[in-house]
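Look for chain A in each of the two complexes below; its partner is chain B in the first and chain C in the second.
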Partner chain A sequence: MQTEKFVYFDNINTTFPDPRVVRKIDEVLNFRLGNPSAHIHSAGIAAGKVVDEAREKVAAYIGAAPETLIFTSGATEANNLAITGFLKANPEFGFVCSNIEHFSVLNQIRSLRNSVKTSILDVDSYGLVEPDSLEKVLKNNRSIVSLSLANPEIGTMQDIEKISEICSRNGSILHSDATAAAGLIEIDVNKMGIDLLTLSGHNIYGPAGVGALYVNKKIRLASIFEGGNQESGIRPGTENVPGIAGMGEACEALKGDMKSHEKRLRDLGNDLWKSLQESVRFVNFTGHPEKRLPGHVSFWVEHIEGESLLLLLSMNGVMASSGSACSSNLKAKDEDELMASHVLAAVGVPSDICSGSITLSAGRYNTEEDFNYVKSVLPGLVEKLLTMSPSYDDYMKNKETTDG
Partner chain B sequence: MDKPFPYSETVMDHFANPRNMGDMEDPSAVGNVGNPACGDMMRLFLKIENGIIVDAKFKTFGCGAAIASSSMLTEMIKGMTLDEAMSISNEEVVNALGGLPEAKIHCSVMAEEALKAAMEDYKNKNR
Partner chain C sequence: MQTEKFVYFDNINTTFPDPRVVRKIDEVLNFRLGNPSAHIHSAGIAAGKVVDEAREKVAAYIGAAPETLIFTSGATEANNLAITGFLKANPEFGFVCSNIEHFSVLNQIRSLRNSVKTSILDVDSYGLVEPDSLEKVLKNNRSIVSLSLANPEIGTMQDIEKISEICSRNGSILHSDATAAAGLIEIDVNKMGIDLLTLSGHNIYGPAGVGALYVNKKIRLASIFEGGNQESGIRPGTENVPGIAGMGEACEALKGDMKSHEKRLRDLGNDLWKSLQESVRFVNFTGHPEKRLPGHVSFWVEHIEGESLLLLLSMNGVMASSGSACSSNLKAKDEDELMASHVLAAVGVPSDICSGSITLSAGRYNTEEDFNYVKSVLPGLVEKLLTMSPSYDDYMKNKETTDG
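For the complex of A and B:
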């Protein structure tokens, strides 16, 4: 049952580092660098330079000035810093996010709701925030609005420029988590009108354990940590120099062929969607058909359970992910922890079906051959599970009765 | 190196090559448990002759652990007397599978419940 195939379609959860990133980290680790805060001796100054260079490269990827970037330990920390840090400095603001945000955004409600006005916006069946409902919430309540650029599970990309317009019209601030979108599309914080932006290293072909928060110069942020003066005192703690250097190199490596990869993955993703639509019985796609991440295809299949399909895919060398109730968290302590995805529930995937969704997320290393391989194996695996499914039998029997 | 999988080798084997999966003509008893609403559903068919389970088949909608538990159960009960089969517990299914993650124990419980339901069906039909 083993197979030599290695077709990786889980780039939304992590990407493999670019070889240039690996070389850069290796170089930095081998270079005798001091602590960047030791500004007087040459080893410390050299480390500071590595961080400065990386800051320039990351800033260039999002069209920002280097001094607007704060390096963090990852996206979760950046999201906490952006929202709680902003509200600490601007307690008169409220907090608004959608019901499909990552838990690092959504769960901040718990600690914030006693001190600020909080609202959660429902999304439509495609996962899009409705501009009118946002406008209504912000009308009488200036807020920091946190909406991810794209949703990792269903691939939908928000109409961020329109959202930004509504925010600024209502004196509000826009934070966007770009973890899922970065590395796949071009990002320009000024053009998009984003005030605070979260980036994650390991989602853009860089290392894990490092991220960054862009903070528009007009925004005041308070630190949520006690510590030293690193990262303007906003994110104290000795800098992760090799990680930061790796993230800088990852952003540098994105330059140049970003547009061509975006187009290539968009075409291949659309093609895979169309192919599965024709070849997979009982398939239901999730997310918006056009306003979506390039190379991202997500769906659920009636009468079969998501984890079994993920396992069969893995046995056939295809690595995908799932928002299924029963699959994502095998380390859960009990059944109650096997929660159904809040994202699928929010876009109206019937909870009484609970069959789990599959997310196929491509990245720049995926070839056309990878896509073709998925097209060739997936329909057969679904059929295999359908033949085992009593739910499918019942459906067919009912159909025969109804069809007479 | 073999690719790592989230379950024991036995579970993966029963998931990939389920034993006794399919329909049965004129079963002596059928056990239906679970519901697609709960994410899993199992149907167990038994052929019983002279108080002995001579054949068992299943169909299951569920995760890898649910399919493997169903497959293992059918293997265990074939050839058993009804009394022997009645005493099968989910722990025995779990042990035979080489263990299940804690959060997946309920899948083996479903297999035990399907067996109990089939026994009940048999009793009702043969009153």
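For the complex of A and C:
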């Protein structure tokens, strides 16, 4: 039953590096570069130039000035630096986020709530933050608001311009984690009105182990760990020169055909949604039907377990996920806890009839054939699982009784 | 006056990656790996295997079990995790370090001193911690003691086994930053009696952007930032798969010829020391003459500025440093502050007659020819600077007066 097929629909959790990124990293590793802080000799100066060039390329992707970017080890560190680093430097602010944020945002409440006013906003059944509820919270308390551009698990994209308008009108600061959205849509921090933005290298066809935080010039941050004076003293530690170079190259590679890939993936994603709607019995889609990431389709199926469907998909060469990989290795105390995604709970998916959701997330390397393959194979796998499902069996017996 | 010569004596600040490391990273980047947390499909499982294999290789280098290693973004983060992470989980302990530690250790006092008893130990003129003064501090307070295996700026290696014996006898925990020593000497955490050990990828012929913290199984740590459950929940964030793979390969590459390189570099270093002692006027060596890193020679020269000598060396193709590159971009308020290294001050180098020190640090790629070139070129550069030195001019006039 194993197959040679390799149809990767888990781009939300990691993408494969662009060949230009791989070449760049190889070049940098072979270049006998010094430590960028070693300003006194040519090997150190050359390393500093590699970092500077990458900073320009990453900044260009989000329409920012190079000096507004701080390189980090990834999105998790960038999210911690944005929120805890901001609140260390600006302790008079509160902290607001939604109940569908990534754990690297949401869990910061644990350490912040003793010193800072914290609020968690509910989202609606599509995963959207209600502008009114945000306005109400901010009226009472200037805050740093952290809302991701898009949710990885259900694909919903926030109305970020509306949100940023509310934040700035109330003297508040907007941080947005763009990990899920970057690489799929165009981002402009000025147009969007974002003060702090998190980027992840490995989610935009760059390498893992590197990320960046955009910091609007008007904002003061404190570092979250101690050390040397790298990255304007905000992020100590010798720079990840090959990783940073790779992330720069990834942003450079995105530039040319961002719009065309966005349109192509949006059309293919919409088409897949429609196809599954018609061909998969008991399907329930999650997230907003229009305000969503291009090429992202997420759903759960009544009577069957998400995990089982993922496994069957995997055995047929289709790699998908149950939302964010980051939550998949949480140590759950029991099976119920393991199944209950905080995102699904937040959008009101009933935990008694939903046993796990599926996220199909495409990227620029996915072809129309990949989408067609999923369309052709998925309905059959669902049917197979339905025949083995005690819950479906009960349902059918019940139905026969009622119908009969 | 520029030259094509490339004689790299700044290995203490970064090393060049081993060719096997470069190949491994290239392979990993090309392998279409998933997110290691995506346990449900083959691409994710393959990524997890890459991380597991690397963990075994890094562990083998320090004689530890694989599950005792936490991968980080580098030594700075590992030092912060070791100390702040330990004290978060064990708030009844104090914190002790020496006055020649790296800023990523020393500066943690700023955030810790409000909640924890902190002590800074003076070192002697060689940079060695006095066992009695450590014993005295620990008698009053169980502590986490952080002392680096070797100091990057002056090369001195602590008597770590004596120190660990004192720590364990007093119910204290020993953390050691091995950034400067690793790759140059053999390390065995059990023989050395170290509870927490920091390793840096780019200092052992691996890539930048990755490090590791060894954590003795008996020790509980708290994470220093929030997020997913990666690295046993101690270090959240998607794993730096290519960087970790590169660091694993670097450790694997060290194994075979560690001892022979250590002996070769020790002999060449001692020989360089003797040669400079005879050929360089007004030379003052720093650090311990025997208890020091192999291939590491550090000194300052009366009447001349360290920075000028570094510059002339660089123009002649010799790349050296003024100790730790991490301190070279500190924002100093005035020139005095810029010159005064906290390490030189700690070992009693007189700041009125010393204007900056030089660190020549060799690595396994340095040849005997490299050492001979330094021996041949350095004395002449010192003489050239002496002829331009007002201080030397005064000294000579004074001498003539006294002698005449």
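One rule holds for everything that comes next: the second predicted complex is superposed on the first by the 386 of 404 C-alpha atoms of A that agree within 3 Å, B and C clash if a C-alpha of one lies under 4 Å from a C-alpha of the other, contacts with A are read in each partner's own complex, and residues count from 1 in each chain.
We adopt the following convention: a residue touches a chain if its C-beta (ideal position, glycine included) is under 8 Å from a C-beta of that chain, and two chains touch if they have at least 3 such contacts.
These numbers were taken from a predicted model, which means no experiment stands behind them.
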**OP:** Check the contacts made with chain A and report whether chain B or chain C touches more of its residues.
**Re:** C
Original post:
Does the superposition put A:40 against chain B (first), chain C (second), both, or neither?
Top reply: second
Original post:
Who does A:133 touch here: chain B (first), chain C (second), both, or neither?
Top reply: neither
Subject >> First (chain B), second (chain C), both or neither touched by A:391 >> reply: first
Original post:
In the superposed arrangement, which partner chain does A:314 touch: chain B (first), chain C (second), both, or neither?
Top reply: both
**OP:** Once the structures are superposed on A, label A:305 by its partner contacts, choosing first (chain B), second (chain C), both or neither.
**Re:** first
Original post:
So which positions on chain A get touched by both chain B and chain C?
Top reply: 307, 311, 314, 325-327, 329-331
Original post:
Of all residues in chain C, which touch chain A in the complex?
Top reply: 6, 8, 10, 13-14, 16-17, 21-22, 25-26, 29-30, 32-35, 37-44, 47, 72-77, 79-80, 84, 102-104, 107-108, 110-111, 200, 202, 207-210, 224-230, 233, 236-244, 307, 310-311, 314, 319-322, 324-331
Original post:
Can you list the residues on chain B that touch chain A in the complex?
Top reply: 2-3, 5-6, 12-13, 15-18, 21-23, 32, 36-43, 59-64, 66-67, 101-104, 106
**OP:** Flag every residue of chain A that touches chain B in the complex, lowest number first.
**Re:** 1-3, 303-305, 307-308, 311-312, 314-315, 325-327, 329-335, 337-338, 351-356, 387-393
